[in-house]
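Note that the chains are named A, B, C, D and E in the order they appear, and that numbering of residues resets to 1 at the start of each chain.
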Amino acid sequence: MTRKIWCFAAALAATTVLAPPLRPALADEAAFYAKAAAPYKGTTIRVLDEITPLQETLSKIVPDFEKETGIKVEWELLNHFEVINKGQADMLSGRGHYDAIMLHGSQLGPMLSAGVILPLDGFVADPKLMDPGLNAADFIAAPYKTTAFYDGKQYGFINWNYNHVYWARADLLNDPTEKAAFKAKYGYDLAPAKTIEQMRDIAQFFTRKKGEMLAGKPLESDFYGIVLEGIKGGSTFSNLWVNFIENYGGDVLDKDGKPTFDTPQVVAALKMWRELWTYAPPGIAEYSLVDVPTVMGNGIAAQSLAWSDFVLGIDKPGVSPYAGKFVYGPVPAKAGNEAHRHADAEPSVTVINAASKQPQATFLFLQWLADKRQQDKLIEMGQGGVPIRESSWALPAIKDSTNPTLFAAMKSSLDVAVARPKMEKYPEMFDAMSGIAQQVGLGKMTPEEGAKEGQATLLKLCGGKSCTL
Amino acid sequence: MSSIAFQSVFKRYGAVDAVKHLDLACAAGEMLALLGPSGCGKSTTLKMAAGIEQVSSGEIWFGERPVSRLAPGARNIAMVFEDYALYPQMTVWENVAFPLKVRGMAGQPAAARVGEVLQLLGLRQMADQSVRGLSGGAMQRVSIGRALVRDPEVILFDEPLSHLDADQKVQLRAEIKRLQKLRQVTSILVTHDQTEAIAMADRVAVMNHGVLQQVGAPQDLYERPANLFVANFIGEPPMNLMKAAWDGPRVVGEGWAVTLPAARRAKLSDGAIVAGIRPEHVRLLPPGTAGDAQGVVSYREPRGDADVLTVVLDDAGGVKGGRMVAEIPGPAAFRAGDRVSVGLDVGRLLVFDAASQTNLEAAS
Amino acid sequence: MTAAHSGLIARGLAKSFAVGGAAREVLTDIGLDVSPGEVLALTGPSGAGKTTLCRLLAGLERPDAGSVALGGRTLDAFAPGQRRVALMFESYALYPHLTVRGNALSPLQAPGGRLPAAEAEKRVDEVLELLEMAHLAARLPGALSGGQKQRVALARLLVQSPALYLLDEPISHLDAKLRYKLRGEIRRRLAAGTVPTIWSTPDGMEALSVGDRVAVIAEGRIEQVGTPEDIWLRPATTRVAKLIGDPPMNLIEGELLREGGALFFMRRELRVPLAGALAAAAGEATTPAVTLGVRPDAMGFAAPEVPGAVQAEIYSNEPFGKHAIVTADLGGLLAKVKTSMAISQRFGADGGIGRAAGLTLPVGGMVLFDGASGRALPGN
Amino acid sequence: MAEITERSRGRSGLFWTAAVVVYALIVLFPIFWMATMMVKPNDAMFARPTQWLFTPTLDHFAYVIEQGFHWSLLTSFVLCTVSTALVVLIGTPAAYAFARFEMKGKDDLFLFILGSRMAPPVCLVIPFYLIYAKVGLLDSFLGLTLAYMTFNLSFYVWVLRSFCRDLPVELEEAAALEGWSRVQIFRRVVFPLLRNGIVATAVLCFIFAWNEFLFAFMLGGSSVTTLPVSIPKLITSQGVRWGEMAVVGMTALVPVLAVVFVLQRHIVRGLTLGAVKG
Amino acid sequence: MASAGDTILDAPARAAPREPAWYPYLLIAPAMLMLVVVSLVPFLYAIWLSFHEAKFGRVKDFVGFDNYLTLLTDGRFWNSIGVAATFVFIAVPIEFMLGLAGALVLNQNVRGRSLLIPLLFMPAMMAPIVVGLLWKIMLAGSWGFFSYNVLERFHILTDTSVFASPDLALYALIFVDIWQWTPFMMLAFFAGLQALPLGPYRAAAVDGANPFQMFLHITLPLMTPLLAVIGLLRFIDAFKVFDTIYILTNGGPGTSTETPSILANKMTFEFWNIGEASALAVLVWIAFFAFCSVFYQVAKKRLNAF
């Protein structure tokens, strides 16, 4: 996949039409919602979302909506896997218990093909429901446009801009002895990796056995150069796909959705993937997106690629002894291919269940959530977070953050982050391919074999047709 | 065959003495019965001989060999259990063959032995049946077969007949006795049933509350019980035991009186006594006949060849008449309500000291 | 069915059970009469159908055929609880979770037999007192000895005022001494009332002792009903003869032989002259095959050379104190002789096993049975 | 066995006791370790090297309460109690009937009951979910109560049947002869004698329900969240809240452990599923 | 019951005869109806689903045996059967033997049994999901207590962690299953041992049998019905095991620990391929039922079990 933006035209059209030239006053916003919600006053909507620090913060804001509109919101938070399981089950069974459900970008394919998501276009076109002050142009464009739209229809606003960042131990990278040794060995200065090759060098450099010295102290246990996600069923596959394969100039599918997993670029990326695993802790194949930050927090690895929002939970005093000693950066690019860099992201939207009995009220809520007032408040209360609006970067909580490199890294990642194409069989593909990613990483399969088998699997799953919708 | 001797054996469970200072011997080839009510310590004694229970103190000898520290399997004994204790999942043959098998004896010699024992006990036809479906009598025969199959030094019988029907009991007790006599194997039999003990054993040891009361040939116990316990315990219907007092040479009871020969009286000390007489030594005569007492038949229990009658004696000498049980050949002519004259066989009258409960004439 | 008396009347009772697919008849054409106040002892070997008969009368089993009347009313349509039958189970069937008192009270609290509480308590107290159980009233059955349990069951029986007492092997599981004691006690209690009673027991001697009349049952059929004397002296069949007596009657299969005017019973070398009633009975025999029943207490020992003595060998010798049972081997045929201790001891300390002895057969004390049917020949 | 000779008392008894204790210490170590995590500060949780000594904290308890896990505890308790009570209510007569009466096709009926116990829950949960979605039983007490019947009712009937078989029928007959009615006999005689069996079996059913995850997860939801289902909520993007998880996990264990302590004799007997008579 | 047996033969389940024939059916009716609702109906529904194309919860066309064919020709299905078979045939016999050995030890004169038994039973009382997390804490790569303090420290396992290794993960799960269920077996067998009659052991002691002979000739044969029933139950449950695998590996690495339960779960709740998942459910169910009913009949007749 190139950096092509899906249904760009439609999205552009929508934003152009809807974006008003001037931002109205905040009071007007509140007034709009009170008025728009009047017919739905007293109704209750149920919303299912994932439990992360962002949502926990958000749940403190949601009561404001109830106050403003008189619409009651049952706001249910479950963990990542549960949201997928229960949310999909609810939509697919047609039960309609939840009016709105958070979907990761990758879930959209199956759900769209099952026809269980309500398109928003009718509401968007309805001035009674559509807030003129929403300012969709402020949404960070690439993830929004690739996620919320499909086939000329809009299915949501952007809600969560989950994205990957590069994460490293500043205390080690700045250690004078280590710096000198690194320079001597690799011929350039030790610093947060800008390229995948540098990341590899740093990983290799810091992988040490128990008893060896690290930053002037003897190690009490083995130390590893990098930690990556390696479990089957986490986000291993997309991690590999976007952070490595695409940076290497390859892709899993071509623009027509045909599998291209056996290209030399993919093989090269798999080789690097495999090599990095050799510098990772032995348990890498069981590390999920949750374990990776934990391992970093435990201080047994020098660097990582991790979900930026998960970092927030670790890099704070009392949780990890290394809090404050971390440095962040954009996901490293392939040397020489920096212009076409990629960063893995899972922009997510909260969609309206086709079986919802309160779609209008739900629509108002989703719109309200994406509104700048709420987003600003969210960022401020969450002491940082992952913005969905460009304007959020300027907020004091981010601008004056004690962790400036993290937000810089996020911004950089989001500049290039796009959603994955919408694929009906994504779950099956994901399941099979993360298995292959594991096998290659573990060295149970050579990169070439992995590429071959991956290609065959994809072809079989898609049945010779396009893998995308 | 070896003799068995218990030497100052004690068995304690916590503070309770189940067996107290037991000195008892069983001669080689003899069958000794341990008789007593339940809880008297007889089973514990047997189990100590078997090694299933440990002695608390004292020693058990098999011949010249002290065995009380040996494991059951090392004592060369066999045991027949009250509940048969067969190996439920095995056939008759396998059960009998088991003691040989665990001792590594197999093949033709073993098969011959098992076959012989089964033949002896009339179990040949059932050899291949599972023991689960057998009648109680057949099960106990298997258990006996298992005991006999390897020529043990000693066979210990623990209430072997108590779960059997009456007819099987009668049949099997004769068989056990016969086999024991034929093989001359030293045996100890534990039973609460005096009929069994008397019928089967050469000598009987009566126990009560963990204490040995009397040992002797059945006839001795029957005719010359050492104390009231033995007198009462042995014999069915039980001996008439009646409060009595001396009046010179006369023994005066409640509604009856007899005169002892002077020679005999002379040997007996004064004091409160209990007189004992067995029901079969009480004669009933037509009313008006001279007797030792007069009374009315209050209850008649026919038993075929004998009738057991309870007589309520008339008051005599200002003393309220007691009861006396008589066993007379049956069917007898007396019925409940009939007046009778009662005669006592003075020669058979036993005199016990009321305080010590011992037989005043027992050889001490 | 019209009731001839106000006791128990059973007619034509039959019952089969399916065993492994096939029906096995357990009771066949049972007829019984028990008058008010009478104790009928029901005896027979294991599996004869005693328990089943009790259960049929109690209504716990439904008969395949036949009818039961009690106190002038037909019971067939009544449920067990409505029959006013008090049954004492062989297993006692005490409620393990109720105290002795609770067990005894139970029938008086039931809807069928309910008494005012005070009266029920009084009745129970009386009965417990009578059975010397008052001090155990608060105990649970689990803490009682076998004899005590049996008394609780008896107490539970006696507190009731039923139309029929059924005692199913009430004292079978007790030892001899206790049996002797209790059967007298129970018997006296029952004799005092006017309730008909059936007392079942596998022990023929017990049946003789407790029954006003004795019914002998074997293989599901009533073999004989009669007074204890009848049963003892004139067993109707070999089956009855085998059940009664300790030891029971010796049964010798043989043939009748008429020699001159005299009748003999023959079996191999055994040759018994038949006279008197026996000769008359022999005259009724339809086949030469007969079975001679000889009561053990009627036989005696003599020196082998005494004329008329049957040659025998001592097989076993069991002295019992007041008498002895000596088993004699008559050429492969074992006969038990109940004899005196003195005679038993004369055989020697080892019991004289294997020794030759002569056996004398009495004129009385013998019964002749038909060899085929096993029925006593008329005229005995 | 050991009682046949007293030989194994004394020293060998001590030896075996020691062996069992050592075995228990080894086997139970992970549980002990988890228990310590309840009061272990986060930074000591997986510190390298392993930190054996630490300043205890009650933070994890505070969070668990703050997040309302006690409601899950209550939900679990109510749900398991109700479902077990229902099992007892309808399972007891069935077990009794299977033990007492001859019925045509009894074996087949019983096999059907066993069959329900055999069904892998994962296989059941699909049809359950789709049916429940149609009839509106998802996320309801009733729905989960019913679902638990598939394995608990059959288990209960299976085990209790053997307890019923051990009841002497004479007791009921004696009561019938005294004139008690069917219902009274059950209340006065059968139930008191069966009580231990009922309690033991019901406790096992309760434990099964208490620990059940899949049904509770798929068929339950926001309004019916059992304790096991609440545990994955602690897997957050801040990492797994191990301390809190230890709190919840141990909380789930404690009531069950207490009950087993008190009723162990009956429960151990129940564990034999009726394959042991007496 | 009378030992003499003067009752009606062995007529089993003697019952008061006055009950009408429908009475027992009345007693079992509520339970039966309930099981029809909660067991038979879902089963029949699953069968119906298995003959249809049902993707994403929408039941579409009747497809006959297509789902079954797809499944039976799918290597992944057979892999899952193989994984489950390996799991069951290693875990259950080991639990069985350890349980029996433990029961024999417990049956010695162990003191303080009433304290030890509930403690020993603890693993079996824990929610499988908690057990899963517990062993994650113990065995997780690098930070697991056991991984770090034993495996890593003594260089037993340095290049991988147990759950991360396709070669080891299944055995680790087997280990966890053994940890959790051996106590159950142990206590069930212990209860069985406690109920054994003492008589045969006494007889064997007198006959001179050694402990091993007693075990072989008495304990084992007498325990067979119990062993059969408990073994069957554990066999079923081990085959059904879901929670611990789900939480520990969810079938991975690769498909090395993917049992039919895990696969069915994935097919249903990840792929939403309900037709095929139902076919899998039905196959597993039928195979189970066939196996168990044969086992039941045989065990009932031969061993007097159940």
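One rule holds in what follows: a residue touches a chain if its C-beta (ideal position, glycine included) is under 8 Å from a C-beta of that chain, and two chains touch if they have at least 3 such contacts.
The shown structure was predicted, so the numbers you read here are calculated from the model rather than taken from an experiment.
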{"item": "Contact-graph distance - origin chain A, target chain B", "value": "2"}
{"item": "Greatest separation from chain B - chain, by CA centre", "value": "A"}
{"item": "Chain pair, most C-beta pairs within the contact cut-off", "value": "D-E"}
{"item": "Inter-chain centre distance, chain B versus chain E - centres from mean C-alpha coordinates, in Å", "value": "56"}
{"item": "Averaged-CA centre spacing for the pair chain C and chain A, given as whole angstrom", "value": "94"}
{"item": "Centre-to-centre distance between chain D and chain A (centres being mean Cα positions), rounded to whole Å", "value": "41"}
{"item": "Multi-partner residues of chain B (each touching 2 or more other chains)", "value": "51-52, 71-72, 165"}
{"item": "Set of chain D residues in contact with two or more other chains", "value": "4-5, 46, 48-49, 130, 168, 173, 176, 218, 232"}
{"item": "Residues within chain C bordering two or more other chains", "value": "46, 59-60, 79-80, 91, 202"}
{"item": "Chain C partner contacts - residues on chain B that touch it in the complex", "value": "38, 165-167, 170, 173-174, 177-178, 181-182, 192-195, 198-200, 218-219, 221-223, 233-238, 278, 280, 299, 301-305, 308, 310, 327, 330-331"}
{"item": "Chain D residues touching chain C - in the complex, by the definition given at the top", "value": "168, 170-171, 173-181, 184, 188-189, 192-193"}
{"item": "Parts of chain C lying in touch with chain B, wherever the complex brings them together", "value": "45-46, 145, 175-177, 180, 183-184, 187-188, 202-205, 208-210, 228-229, 232-233, 242-248, 295, 297, 315-316, 318-322, 325, 327, 338, 341, 345, 350-351, 353"}
{"item": "Partner chain B, residues of chain E touching it in the complex", "value": "3-5, 197, 199-200, 202-210, 213, 217-218, 221-222, 224"}
{"item": "List of chain E residues in touch with chain D within their complex", "value": "1, 12-16, 19, 23-25, 27-28, 30-32, 34-35, 37-43, 45-46, 49, 57, 102, 105-112, 114, 116-123, 125-130, 133-135, 137-138, 143, 145, 148-149, 179, 183-184, 187-188, 190-193, 195-196, 198, 201-202, 205, 214, 219, 225-226, 228-230, 233, 236, 239-240, 242-243, 260-262, 264-265, 268-269, 274, 277-278, 280-282, 284-285, 288-289, 292-293, 296, 305-306"}
